[in-house]
Each structure stands twice: as C-alpha cells, then as structure tokens.
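So that you can tell them apart, the chains are marked A, B, C and D in the order they are listed, and the count of residues begins at 1 in each.
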C-alpha cells in the first residue's frame, strides 16, 4: 500500500513535470510579446531589454527553462508581469475561491446525478421514466456551460431578482476565512454552484444509469431480491456496484470538467483561478498563466491519485501493489 | 492498481450483433460500418439526432442563399441611423445585433462554422485516434508504450485552459482551433480504440486467421477494424460534439475566428457588449442551435454506446 | 444587395465594375493590376469596432477597383509587429488611446511620423518634416512652439502619409439617485483618466463610498513598477500637475513652474501638503523621487522619463529639475505623470525598489486624495478619503470592483452595487442603459483617442502621393463612425493632431470631403485605369 | 430480541408444503413469445425433498425463478403455486417481501456470482435476517455465525469478501444464508453445478445433513439424477418446458415410463454392479427444440428413438401408473422401451437418422 502510493506519487511528479515543460515551451515559443502594452506607450529599447531581464526572459531558452524549474522546485513560481508581485500571493486566494465552487459542485453533481441515474437505471426498461430520464440527461449534457450560466442569470438574477448576478460577495471588508461563512457569500455562491452542478450532473447520471442497468441483471442482485429486502435496498446494491466505474471515470474527467469551471467563473464573475488564467493569457502574463495552469494540472493529478485510493476503499477486490 | 484475479471462469467472447457470421475471411470494413450505422438508426433517440443533424447540414449548405443579408452588413434606419438592437421585424425576422447586423443572417452562417469545425475535427480526430489506437493495440510494443505515456500526461492537461493558452498564443483562427481540438481529443480516442482492439485481437477467429497466414494488413482491415467500428463511430460522434463545444467555448471567451461568425461568437458579442440579458432575440437562436446540435450528437453517441456495450442492450 | 456580394468569397471590387464602364482607359494602355491589399486591424479582443470600421471603409475603397484581404491581428502582436516592429504589409486600421500625455502634439507629430521614431509603423520618412517636429519640442516658448506645430501639420497634410478616421467618444454612466456632480471635469480634465470618477462627486445618500464598476484589477501600488499614467494609483500618489480639457496643464501638487533656461525647470510645491502617514511633503521628497527615478530608470516609466537629468533642492518647497535636452513637452508629459514618494519610507529600503511589494510591507504611502485601505486580488480595492488633502473628496472612500466582464458590470450598475462605470462598457451600451433606467445617467466625453488609417509608405502603390490622396478621398469617416463605432465616434478633423486637444490642432487645414468619384478622378489623372472587370491597374510605365 | 429468542422463534417455523399447479411462463422477446415453461405441476409434501431434473434449457430454473418472483417484468405467468395454501405467484414486490426468505429461501445456481462483491459475507447474511426479523445487528451477526458453523465455515471469515472465498466456500456461504431464517421451503437451484466433483459430493452431503437436522421441505433442481436418487423422495423430470414424468424417486428412476427419462439415465454413470457388465454411457442425440415455435406433437418426438407419427402430431396425454405419471402415448410399451433404451444401438440409430 505504502509502496504503491509512493510509486503513484513518483508517477504523478513525472506527469506534472511533463505538463510544466510543455507549458513552458508553449509560452516561450509562441510569438506574443509581454511588453506590448508598454511598447504602445513608448517603451524604449533599452528599457524593454531591462524589463525582459527582470522577467527572466533573456538568455537561451534552455537556461530560462533550467532557471524556471529550479525556482519551481523551491516553490517559487516567479512574479506576475501584471501584478508585479509573487504569483503565489496572487493565486492563493483565487484557488480557495475556485475550490468553493468546484468541490461542492463536483460532489453534489456526482451525488445527485448518481441518485437520479440509479432511479432511471432501475426503472422499467423502455418505460416512461427511463426514456425521459435518458433523453433529458442527454439533452442537458449538450447544453454548453456558458448557456447554463446565461440561462440561470437571466432567470434567477435579472428576471426574478432572487440572486445576485455577479461576484463572490458584496464589496466589504470581511477578510480571511470569515467571509466564507457569511450569508452574503452563500447567496452569491448559489447560482455558480448550481451551474457547476448542472454541468456535472447529466454525465454522472448517464454513467450511473448504465452501471445500474448492467448490474441489475447480475446474479447477486437476483439473490438480494430473493432475500426479500425492500426494493430501495436492492437498487442500492446495484448502485453501490455501479459507483466503481463512476469513480474511475469521475476523477480523470476532472481534466475536462475544470474547463467547465473556467467558463462558469467568467460568466458569473467569480474570482477564481480559471478566470485569472484567461485574463493572464490575454495579458501575456506568462508566470501567472503558467502557474495557474500548473495548479490546475496538479489538481487533476492529485484527484487521479485520490480516485485510485477511493476506489480501493469502495472495491474490496482491489489490491495495491 | 490491479484487480485481484477472479477465480470465476473467464466469460467467452461476447457475440457481436449476430447478423453477420464471422468467417475466416472476415468482413469488409464498409459493410461493418454500414451495419453499425443501421443498428444505430434503430434507436429512436438516435433517429431524432440524425434528423436534427441532417436539417442542420442542409441549413449550413444553404446558408448563403437563405441568409437575407451579409452577416456583417449594418442595417440602417431610414433616418440614416444604425438600426441597433431591433427586436424581430419583417425585415429582420430575428432582430438585429447591438451592431445593427441581421441576427438571422449571422445565425445561418453560424451553421457553417459549427459543422465545419465538427466535420474537420471528426475526420482529423477520428483518423488519428483510429490509426494510433489500432497500431498500438494491435502491435503493442514501443508504439503502445509511447502512446500510453503520452496519454498519461495528456490526461492531466486541463482541456479548455490548454485550448485557451494554445489558441491565444497561436492566434485565433478556425484552423488553429481545429488544430488544438485535434491535439486535445485524439488521445482519449486512441486509448479507447486501443482497448477495443486489444479485446478483438484475442478473438479465436483472429488467431485462426493468423495461423492461416493472413497478413497483418488483412487481419486489421477484415477482422479488427470492422469489429471496432462501433467504438470508432462512438468516439467520432463524441469528438464532433466536443469539438463544437470547445469552439463555442473558445469563441464565447473571445478567442473565436474573427473572420467567421460562429454561435459562440454571437454570444460573446452579446455578452461583451452587455446585452446578454435583454436582447433575447440575439441570444436565444445561437444558444438553442448549439444545444440542439450537441444534444443530437450525444443522442447518436448514446446509441453507439449501447451498441458497444452488449450488457446495455435490451434482451 | 446582390447575391454576389452576399457570398463572402466574392471579391469586394466586383461592384466597381459598374464604374469601369465609364472609365476611358483601355486595358492595353494599363500597367500591372494593383494587387490585393492587406488590411490589418485590431482583432475583436479589442472590441468589434475595428473590424466593422475596416470593413465599411474597405467597401468604399473597393469602389476604386481595389480588393482587400482582411487581417485581424491581436493587440499584442499588432503592437510588436506592426506599430513598433515595422511589419506593416499594406494598410492598417487601429486606434491610439486618449492617454493624458498625448495631449502634447509631440506624440502625434513626432512619435507617429518622424524618421526613425519608434512607433512610426507607417514607415514614412521625410527629413525636412522630421527636422521640424524635433525642433518644436525644444521650443519652450508656447507661442513660438504653437506656430511651428501648426506648420508641421500643414506639411503632413500636404503629403498625407496616413490620416485619422475618427475620434473616439467615451462615456460615463453613474447612479444619479445616489451621486451628483460625478462628471464635473474640474479640476481634473477628461484626459486625466477618463475612467476616473471625479473628486468633486457628492453623495446624495448615506452611502458615502463611491463604487467604481471596473473591468480588471489594479496591477500594483508601487508607482515605480507602474506605467499607467491614467491609473488608479494616481489617486494615492499626487502628481505635480494635471492636464485639463483645453489642453492646458494646470497646477496640482506643484503650485507653479517655469523654465529658467531651456534645460532647467524650477518647480514650487503647494504649501501644507502631508503624506498619508502625517509627514509633511517637502522639496526633499520630490528631489529624492526624481533622482531615484533617474538613477533606477524603471523600465515601465521609460517612455516619459528619458529626458530627465536630475533634480536639486532650492528651498523647502522649491527645486530645480534639469533636462538632458530642451523639452517643451516636459510640462504636458512629465509634470502630470511623475509622482512624489515619501523619502522617509523609501530612502532606507535596501531591496530592489522597483520590485518592492508595497502592499505586503504596508508602505503604500502617498500624498494623494485617497489612502490605501485594502485589496482583494481581482475582486475589490478600497481607498479611504484623505481628508487633509488640498482637494479632499466630499465622500468617505472609493472602491474599485474588478468584475472582469461587461455583463457583470451592467448588472452591478443595475442593482446599485456599482455607482459609476466608464470605458469598461461599450459606450452604446452605457447610453442604452441610461435611457432604460431612471436611476442611471450617461454623459458622452469626447476624446483625442483616434482611429488611424495607416499605409506602408515604403511600398507601392502607397509610395505614390496621388494614390494616397485618392484613398483619402474615398475614406468614409462617417460610415466608420456610425457603423463601426455605433455613433460613438466622430469623424476626425484634418491633419495628424486631433482637434480635441485644443489649440495645438491646426484648424486652417481645408476639409477633404468623402467623394469616391473625385477619388477615381484623382487616380485617372495620375494615369491609373480599370480593366473590363473593373479592377484598378497601375499607370503604364 | 436476543439470539436465543430469535433462534427459538425461527425454530418454531414448520416445514412448508408446496403445491404447483398449471404453471406456465412465457418470456416476451424481440422475436415473439417464448414458452419457457408450460403447464407444470407438482407437489412437495411438508418436510420432503423433490428433485426437478432435466437438461439445461428445459425450464427448471425458470420454475424456480417463478416461485421466487424473480422473473423479468413483463413475463407472462399463469397457474398457481400454493405455499401452505397461499398462492405466491404474481404477488407484488411488497407482498413478496414477506414470503421471500421468510417462508421460501433460495440456494442459487452459481454461487460464484451471486454474492455482492462489495459487501462482506456477514453483512449480506445480516441484511437478509434484518429484513425480516426485528433484531439488532449484533444478534443477526451471531445468528450468521451459527449458520456458518452449521455449514462448516469458521465464523471469523464472516468479515471477508466473496472474492476471498473459494467456490466451495461460497456455495456453503450461500447455503448458510438460505438457512438464516429457517424458511419452511428451500429452493436449491443446481447448487453444485459450478464445483468440482469432490466438492459437489461434499456440498450435497452437507445439504442432506442439514435436511435431516432441520427437516425443511426442499425443491432440488439439478440435471444430475444420481444426486436426486440419493436425496429426494419425489422426482419430476422436465423436458422442453413440460413435465414428462413424475412420481416417487424409486419408481421414476427404477422403472421409467418415458423414453426421455430412460435416455437421461443412460447419460449418467452408474455405480458398477459387481459382476454385471459395465453400463456404457449413452447420450441423447439432438438438441432441445426451439420453444419460440415448439413442435406440435410430443416435444421429445424429434429425439425419441421410439417416436411414431402420432407422436409428431398430437401432444401426449398424461398417463398414470399409481403415483407415477408420464406424458407419453406409449406408456404401455414402457417395458419394451426400457430394454431397447439400454442398448447403445438404439440411440446410435437415431443419431444416424438425424
């Protein structure tokens, strides 16, 4: 078990290194110029050179890369070109903000999706519930996340006025963790969270439904039925066994689902990592964009690792070696 | 992580549709493709998808003739002012944008972009995924190792952020968007197709064919490919949907091709000009079209999914 | 609209065939056809106006028998490749912003037009003109300088290497139920950051904090690291002067200045100013700041401080600034830009001053009308009113909401979270909002921001003055303003210097009306002609 | 409720009597109705064992599923199954809850896959007990331990998961589960099929031992007539969805009336009788007819070496000879058939004809 985790950690480090390297070279090889805005305002050549030096963009690509990796190993992501301060200081609060919608959104989306998926999978084959469940889930799955956001904003913010239309809280000064405990924060959290849930839900639902349909004809389900336990309990056995593929799917799919969160952050003006990444890219703020990307990749890798471990908890047949 | 070997006997190969008996000669990939297509169409949801998709293709082809105006042309009022944000009228059945352009015309041209992105991405992703999936699944060895290492890394790359970075750096254009989509999605496809090939190549008839001295090419074309077609089709359908969604998302974020009008871009223009919540006639058509298109692809994909998984099929 | 044009692929010069019928020249008398021309413009990351404008203007130019290839370029590439990098292929349509220091004519005449000037992307080089525009900068006598500036415009007008098409109209949207007097231009001119809520705003309710709905975050509170002359940071750090809407530079932290010789300016500070920590502002602080800047040469500040040689204290409130070369634009570009750092906070700092994280170190100390209070990254900034300031606001504080996108800004203005918004929303949208909502008022603010039409002056056909003139005549500034800018731009005046910067603009340049017929006549006179398909050909050699 | 109380309560349950009458099951498939079981009837007197034998696909398991209410939705079901007088066919799920496991328990066919892989075996037994008896987990667990002891498994292994058990152990665990509520009627659906022969006889011995000890009624479904001979008082032989012969085991297996039963006997090795010639193993040639379109006459006619034209056109009546009954037109010639059936040539001829 221990050896297994260590080996998987080592693998994860390799993967993160590879992703970091790809990102580094992408940013360096591409033509965009981070000094462009200053150039338009009349930056002189010497000053530009000084600036590039300050930003660590002079010297051979290889030297830059080595320096970058060295700094990274010491936990130094460099300084943001735009904010002129360490990237970590900029990103840390934003990560927390992103996790606030990502984690509950993912968990609730998976849980609700799994619950409905079980019901749909357990329903009569070809029956109304099954068919409408599948149809609706497939259609909702096809709704782009920004359309979900737009629809929620239009209905619940502009028209009904139940929820605020943007941001994470009314401008105020509660700082630190305390602000996350206010009603105002919850009020702002609702719509983006619902959007994330709706985004995750259908895929989980369909997956769970497939699993339940596959499992419901298994012999052990028959035996459970024969035991005379309540129907819900029988369905639970099918669901419990279908969770395994769900978990294996759910975590790797994070790579795709982080994407959904980026767009939702933008639509709802949620100050998170994804939104900052998009802004940083448009400003040619390499260090910030690279670090944001790095963090997203690390999140995915860790989630994969977590998935393996959770899988072991859920499926007694799994042995780590 | 490994699953402890189950002492239960390994279940025999799941018989395929049963319609075509498998002989040592195998069957033509085209016939297999056709079979799979027919089987998919038997699913009523998939049929809805196919119908919607066909309508969309027709609209895309006819867009230049159907569109009443040039999509970029500014509508003027009689007083010589720009006819901005006009709700639907006889002259502009879908109203006008915040820039006085005809929404209907833009909407119609949007079909072309969406379907072009989908089509090119499908061909590119489908071809590359199948190529690598089959090669790595069938031959194994170095190709397989390299592919698996690449996908390990690639699966940890957050897709949209990567697309945002890549398109922003390469410059926003349809070509670059398709390139990035291809880079992003071939890996999943290759992995899925590879595992299907791995199952296929263990089949008895493949072993017979090999024992009978059939060439690798023959075996791949006549035995492997026809039997993984459902997986390939499933993956192609899904990647068309992903491609369209990715293009829409990128365009919505302002990274769309400025030379072409896509639905994502229409929404972005409405969004960035602050008209999102008022100009419903500008927002609803592209949103609905996107939802219809992607959903119908998913409906088709679902039918293939049921096909590829015999345990999901109704008995 | 014919089907042919509706199809995007159809070349834009087809309609010109109609004109060709009346053209007299026969194909055999003609030279080579004029090749397809590329028009580069700001891609939609800068808004859709450029694409729209480029499109409508090229529709008119196409009537001369030309065809165009539209080439959207992202902002950063546009700057580094075309404006600075000399990579202009044929033509470009883009905007230069209404920066406060662009109130000085040097930018328009010299920076965008002189031989070898860094931002002369149109690659026009005229020795005589360059000599004039360099000289005007060194004339410290305003009257004499004005004359030379006007002459230079005449010279430019006659040669027509490029021209402005429109001047941008900005706007400001505010909550008139809660605030009044927010748009009063005095004492700060529109040019001093069109985005700045005015200091003289008065609250009408108990909410005494002015919330500014903004797009993005502030970059830093360290002025040495910041380029933004229009930035938020100038609320915290006073500058010596401000530019007003007439193009005049008026006193702010400095009560007076004079050129004691062409290379020395004597500056007197306002009496009784203090920093936010209570220390008095003295000439020592100003001298320390200027000498520090000269010594460090902060890269972000390079465009404005290059000509500074140093400063010397005269008495507690007076000091001399010496310049490397005589520089009349010092008053308009440097005085409203350079700030005063508190010597007692900065003198002992051993680290890299430019990289100093002043927020983390609690060192955001200036003498401006607001003092720093808090910063949530990419979310909110809060400043408190500094009541001891000579122009302290009548309200208690200022908040900047970084909302990131137009829809959120709009909804912040509607639900009352935001009190004021400006360039962050398209002007047309602001105007719409004010019309639809009683609690919102809107005011247009004309600016000297200009959309320019650039030509590659080193490449045919743009090397030919007649061709440039014809293009100029066929330039529909009106359509660009209405269709490209939705009416929130005005057709630009003649000559390179915008009329919005007041006296520096030469009003005597005769207007060239939009007239495609006249443009075709100009071309024909110069020997150009059209073939049967209506395509323009060079004169026969 | 304490364990002692629970045990006492369960021990008080009497053995049940089962009377099945006219049971027919029709699966609705994409290719039309499939008559898996037609007009099956038999009686299990309380405290006795009944053997249900036949080739695979003859409908034995369908009968079990019908009795447990495990047929897929939409399956056509007619007839009656009176468990101590109550009809248990076609009950709703809720009504079935009370019957299942409480009064009629199941030992499944493939114990290999019939345990949920993600729960410990103890939990699965406890689940069954607690679904019917108002006892705490601890009591239920203690009962499960007793059941484990009964089938010869160490109680400590209750906490283990199915994949950690061997096939024989799993089968025993399933038996333990079936006994957990001391239901009056046990349905054992091919309990030994997936096991090796040594394990098979061990398990069967165990079942017999338990039967002797607990005196439950049991329907033992198997294709192994040797097992039936050893275990069951009554035997019912099914072929292609129908009962072809039934009666006391000794009579049915000793003097079969139906050619199919005779063939079945040939297909199983018998213990050699000292001195007598070794009986050859003879299999019945041909396959079971497709029940989607069954032949009009006797369903065995196609494979019967004695079939006449009558057999191919008219379904045979049920002829009774005392307690023994057979569905054959020619039960009167049974003696003659039995002699012929013992000869391999009789069947070989059939094969050649086929």
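Note that in this section a contact is a pair of C-beta atoms (placed from the backbone, for glycine too) under 8 Å apart; a residue touches a chain by one contact, two chains touch by 3 or more.
The model shown is predicted, which means the values in this text are computed figures rather than measured ones.
Student: Measuring between Cα centroids, what's the chain most distant from chain D?
Tutor: Checked the centroid distances; the maximum from chain D is C.
Student: Need the central chain here, defined by C-alpha centroid distance to the all-chain C-alpha centroid.
Tutor: Per-chain C-alpha centroids compared to the overall one single out A.
Student: Cα centroid separation between chain A and chain B, in whole Å?
Tutor: Computed from C-alpha means, the inter-chain centre distance equals 22 Å.
Student: Just curious, how far off is chain D from chain B if you go by their C-alpha centres, in Å?
Tutor: A distance of 52 Å separates the two centres.
Student: Could you work out how far the Cα centre of chain A sits from that of chain C, in whole Å?
Tutor: 40
Student: Starting from the mean Cα coordinates of chain A and chain D, work out the distance between those two points in Å.
Tutor: One centre to the other, that is 54 Å.
Student: Which residue numbers or ranges of chain A touch two or more of the other chains?
Tutor: Residue numbers touching two or more other chains: 31-32, 125, 153, 157-158, 266-267, 282, 315, 317.
Student: Among the residues of chain C, pick out those that touch two or more other chains and give their numbers.
Tutor: Within chain C, residues 45, 74, 77, 405, 407, 411 contact more than one other chain.
Student: Residues of chain B that touch two or more other chains: which are they?
Tutor: 4, 6, 168, 254, 271, 276-277, 314
Student: How about chain C: which of its residues touch chain B in the complex?
Tutor: Against chain B, chain C makes touches at 1, 3, 5-8, 43-45, 47-48, 51-52, 55-56, 70, 72, 74, 77, 405-407, 409-411, 425-426, 428-429, 432-433, 482-483, 486-487.
Student: Help me check something: in the complex, which residues belonging to chain A touch chain B?
Tutor: By the definition above, chain A touches chain B via 4, 11, 15-16, 18-19, 22-23, 26-27, 30-32, 125-126, 131, 134-135, 138-139, 141-147, 150-151, 153-154, 157-158, 206, 210, 213-214, 217, 252, 254-256, 258-260, 262-263, 266-267, 274, 277-278, 281-282, 289, 292-293, 296-297, 300-301, 304, 308, 311-312, 315, 317-321.
Student: In their complex, what parts of chain A are in touch with chain D?
Tutor: 124-125, 218-231, 233, 237, 240-241, 244, 314-317
Student: Enumerate the contact residues on chain D facing chain A in the complex.
Tutor: Within the complex, chain D contacts chain A at residues 68-70, 73, 93, 96-102, 105-106, 108-110, 112-120, 127-128, 131-132, 161, 163, 174, 177.
Student: Under the stated contact criterion, what part of chain C meets chain A in this complex?
Tutor: The contact residues of chain C facing chain A are 45, 74-80, 83-84, 96-97, 99, 111, 118-119, 211, 216-217, 219-220, 222, 225-227, 229, 297, 299-300, 302-304, 306, 354-355, 357, 359-360, 373-374, 376-380, 382, 399, 401-405, 407-408, 411-412, 415, 417.
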